[in-house]
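Two complexes are shown next, each including subunit A; its partner changes from subunit B in the first to subunit C in the second.
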Partner chain A sequence: MIRFVVRRILAAVPIGLVVTLGVFALVFAMPGDPLRELAGDKPIPASVLAAKRAQFHLDRPFLVQYGLYMKDMAAGQFGSTFDGQDIGEQLKLRVPVTLRLALLANAFQWIIALLFGTYAGFKRNGAADRLLMASTLFVLAVPLLVLAFTAQYVLGVQLKVLPVSGAGAGFPQSYLLPAMALAVVGFAGIARVLRTSIVESVNSDFVKTARAKGLGEQRVLWRHIVPNAILPVVTIAGYDFAGIFAGAVLTESIFNLPGLGQFLFQAIRLKEGGVVVLLSMLAFVTFVLINLAVDVLYGVLDPRVRHG
Partner chain B sequence: MAELGVAVAADALDLAELRTLSNRELLWKLLRKPQFVVCSLALLGFFAMAAVPTLFTSVDPRSCDLAQSRGASTAGHPFGFDVQGCDYFANVIYGARPSVLVSVVGSAGAFLLAAVLGLLAGYFPGIVDSLISRTADVLFSLPPLVAVIVLLNSVQDRSIWVIVGVLLMIGWPAGMRLMRSSVFSVRNREFVQAARSVGVPPLRILRKHVFPNAMAPLLAQTTLGVGGLVGLEAALTFLGVGLQPPSISWGSQFGVAASYRDTPHLFIWPSLFISTMTISFMIIGDSIRDALDPKLLR
Partner chain C sequence: MSGGRPQPGEVLLDVTDLSVEVDTVRGPLRLVDGVSWQVRAGQTLAILGESGSGKTVSVQALTGILDMPPCRITGGTARFRGQDLIAMQPRERRRIVGDRITMVFQDALSALNPVQSVGRQIAECYEVHRGMSRRDGMRRAVEMLDRVRIPAAASRVSDYPHQFSGGMRQRVMMAMALALDPDVVIADEPTTALDVTVQAQILELIAELQAETHMAVVLITHDLGVVADVAHDVVVMYAGRVVERAATLQALDSPVHPYTEGLLRSMPSADLKGLELPAIPGTPPSLYALPSGCAFRPRCPLAVGACADVVPPLLHVGPGREAACIERTALPGVIA
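What follows is the complex of A and B.
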């Protein structure tokens, strides 16, 4: 098991390097001079410009810039953004925002998806099943933008039960709307996969055996069908968490939450290669770790895929 | 989007072992489904809107009267007015074009690109496969959307075609993997071996024998993903990295509506149009997948 984990982490290192190098190159290749644009229309003295360039290594060749950024990052010195904010401080403020959003959204979506998907698959073609298939089709089809705006209008502007946007109202209130919007979109995919998987398990031999032994329906469902059907769903969990970051860029913009997605978007607009690389790296490491956890969990849940 | 991709891929893999259905049989099966017919008609409406907006409205969306700013609907202006006082009905109608173009051209392009690369990767193991698959791995591990936003942000004048191009460049790996896996299941079947044994050149085998038998999962995935592209274009424009101000699109209408919460008609109408369009695409995709599903053929 330990060998498996170590091997996976080692295998992720070169991909991580390629990803960061790729992201850095993309930002580097963006046209325009970030420092000049920051100054706007005001003239900027050549000496100040040169000093700033040197501070952010912008006067060095591409690969040297990349190397210096990676060195600073490895040493835990994140430096400051072009307009002088301390990146470490920013992370300390912003990571909790995105983390809360992600955890709340995941809690919502998994609870709904597990209950709904299990029940729909178990009573295939029943009322719950039809409702699930229709509602997931609807939810998968309606863009996040529309869902979010509608939720903001109905719950925020009209009923005034939740704040429309911003993080001013503190933890649960400000995060409920964006988390629900993300969860509604996320739940549909999980519930559908779980339903398909349950339907397949329901018809398998071990379920017939369990019923033949005279077990009750609830016991058959929770002890025999669900543990076997849950595996494909666990796989999606990894993918899904990676999608949270992409979702965060859009959701945090719509709901004006000061999280990592918003930071990333601003950094791209201001061509802050260092910040973009740092955040991409963070997303990548999270992605690798979660997928690793999923694979380990897989082995725990299913003895057939234990890693030697 | 990731969720959708996974859900679709899980469904689509079932299609790999497919009895081939002739095009006429497929069309006949589809036409017997009322929801397919209704959604196709709705889409034809949107396509007409994109091609000839003047069929639907004679008002110029860019002739505005500031005095009418955010005005409610009146006779002749059923959707009211936008912030600049332009007729909103005309604006929403004209907004169909970018969505239709991005979704249709984008999915057709993605299908072709993923099919060609998937065929090559699946049929020629070794260097070709490694080259294509490793590139896909790298693109996959980029945080989603980041590459798209960075690329779009580096273009000064973004047209529809730039957006389509960037989405294609970043979006092909998922379809390629699906195609590659279904090519794997076909490449050693008897009819392919037979063709190989009588000396048919590889490219002809790929085109005539492998592609028709391996395309169903990718087709299902693509049709189900068309609607998502509509939403993605709107989201990118909303974020400010999509289409730019003089062009009219549903995404930019959302962007404006975000600042005027007390004027709900600004977001209700584009929402209705965009949702109808994506749902139509989705139901059509679902019908095609059902029609291709081998389990239902028995």
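What follows is the complex of A and C.
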């Protein structure tokens, strides 16, 4: 088990480098000079500009820049943004915001998905099942952007039941709308996988065997159907988290939540390579750790994987 | 329960006129039609028939594990020591099915829960029906694995189904089915998925355990060779109906129904074992389009015009023998 974990982490290192280097290359390739745009129309003395360039390593070649950002990150020296905010401070403020959003969105999404998917799986071809299938198709087809703006307009502007944007109303009020928007987009895929896997498990031979053993329906359900039916859902849980994070970048910007997603969005706009590399590294490490945890859990749940 | 251990020879399971239908988009379809048989303590009844003849549906219907809906029992009784399983409430039936009547399925790999150790699956029988603790159940599970001759039972009890070979897995299924010392074991093609030598070992094991416990065995098979080796009596099914019923020796010696005769002729003789011999020409009819009258008529060498008129009833053709053929209403040789 420990060897498995170590091997996975070692394997992730080169991938992490490639991913962050790729993201940085995209930022680097964007047209325009980051510092000049930041200053706007005001003329900046050449000496100040040169000092700033040196501070952010902008005077160095592409690969050297990347290397220096990585070195600073590894040393825990996050430095400051172009406009002088301390990045370490920013992380301290922003990580909890994104964490709250992601956890709340995950909670909503899994509760809806488990209820809906389970119910539809057991009442296959019933009214609830048809409704689920139709609504998941709808949700899978509607982009998050449209959904988020609609929710903002209807629930925030028209009905005024929830804050339209900003974190001013605190937790959970400010987080409800964006979390729900994320959850509605995310639940559909999980619910469909769960429904299919429940239908499959219910009809498998080992359920016949369980019935032939004279077990009660509850025992058949909880000891035999559920432990098998959740396996495919556990597999997608890790990848689904990546979706939540990607969605958070967008929703935080739409709902003006001061989280990491918004930070990343701003950094990309301003071509702040250092911040982009830092945040994408953070996202990647989180993704790797969550998937590692999911894989370990999967091994616990499915002996065939453990011995494979 | 009609208490105590069964007497040798006591009729334990008595199925009468069992009929099962399934609802399809094209209307109800009869899968099992008026099937009757009985099995006695210490004896083995074979249910023989080609794939699709309703063997599995009939036994799953009477044990209550058939998917209902879409299937439906439209008539008949299945008395276990006098009590009708079909008329029972599910809760009541679960005290018999799983305890006094147990089942072995064809494909042990899919019939065992893949994410539970074999020990826990066996122990579950003791926990549910005997109120034992998990620990006591696991101890008994080791004993059972030992009894079905799985080597190193104590260490294998915590292994999972995928860690066993096909033959060993089928032994695990048997250990589970025999855990509570049942009165009747229904084995649905228990050896079909196994290779020939392993098949023989499993059949031998069933016979040995039967000799120890005097349980009744209902053995479903499409292999006449298996019937010849182990069964006392045989019921031959075709298209959901029983077409012949006899003691095994008599059926093998002098089959009455032309279908049984055809099966017997297509059985590889000892020296040809393993070779595919031409079976009865043609294929079993689709249940959606059964021919009028006798369902076997299109494949039957004896068919005459009258065979299309009515479904032939099962007629008494000799002592303890019945067959459903209007051209064969007596034992061969009795009328010539």
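Please note the rule applied: the second predicted complex is superposed on the first by the 306 of 308 C-alpha atoms of A that agree within 3 Å, B and C clash if a C-alpha of one lies under 4 Å from a C-alpha of the other, contacts with A are read in each partner's own complex, and residues count from 1 in each chain.
Please note the rule applied: contacts are C-beta pairs under 8 Å (C-beta built on N, C-alpha and C of every residue); 3 or more make two chains touch, one makes a residue touch a chain.
What you are looking at is a predicted structure, and each value in this text was computed from that prediction instead of being measured.
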### Task
Based on the superposed arrangement around subunit A, label subunit B with subunit C as either clash or fit.
fit
### Task
Give one of first, second, both or neither to describe whether A:Gly22 is in contact with subunit B, with subunit C, with both, or with none.
first
### Query
Taking the superposition as given, does A:Asp240 touch the first partner, subunit B, the second, subunit C, both, or neither?
first
### Message
Quick check on the superposed pair: does A:Phe171 touch subunit B, subunit C, both, or neither? Answer first, second, both or neither.
### Response
neither
### Task
Pick one for A:Ser204: touches subunit B only (first), subunit C only (second), both, or neither.
second
### Task
Quick one: the Cα-centre angle at subunit A between subunit B and subunit C, nearest 10 degrees, please.
80
### Query
In the superposed arrangement, does A:Pro232 touch subunit B (first), subunit C (second), both or neither?
first
### Message
Looking at A:Val276, would you say it contacts subunit B, subunit C, both, or neither? Reply first, second, both or neither.
### Response
first
### Query
Should A:Phe62 be classified as contacting the first partner (subunit B), the second (subunit C), both, or neither?
neither
### Query
In the superposed arrangement, which partner chain does A:Trp222 touch: subunit B (first), subunit C (second), both, or neither?
neither
### Query
Once superposed, minimum distance in angstrom between C-alpha atoms of subunit B and those of subunit C?
14
### Summary
Intersected contact list for subunit A, partners subunit B and subunit C none
### Task
Going by the contact rule at the top, pick out the subunit A residues touching subunit C in the complex.
203-206, 208-216, 219, 223-224, 227-228, 231, 301-304, 307
### Task
Sort out for me which residues of subunit B touch subunit A in the complex.
1-7, 10-11, 137-138, 141-147, 149-151, 153-154, 156, 227, 230-231, 234-235, 238-239, 251, 254, 257-258, 261-262, 264, 267, 271, 274-275, 278-279, 281-283, 286
### Message
Can you tell me which positions in subunit A touch subunit B when the two form their complex?
### Response
15-16, 18-19, 22-23, 26-27, 29-31, 137-138, 140-146, 149-150, 152-153, 156-157, 164, 185-186, 188-190, 192-193, 196, 232, 236, 239-240, 242-243, 245-246, 249-250, 253-254, 264-265, 268-269, 276, 279-280, 283-284, 287
### Query
In the complex of these two chains, what residues of subunit C are touching subunit A?
60, 63-65, 67, 91, 93-99, 102-103, 105, 107, 110-117, 124-125, 128-129, 160, 162-163, 176
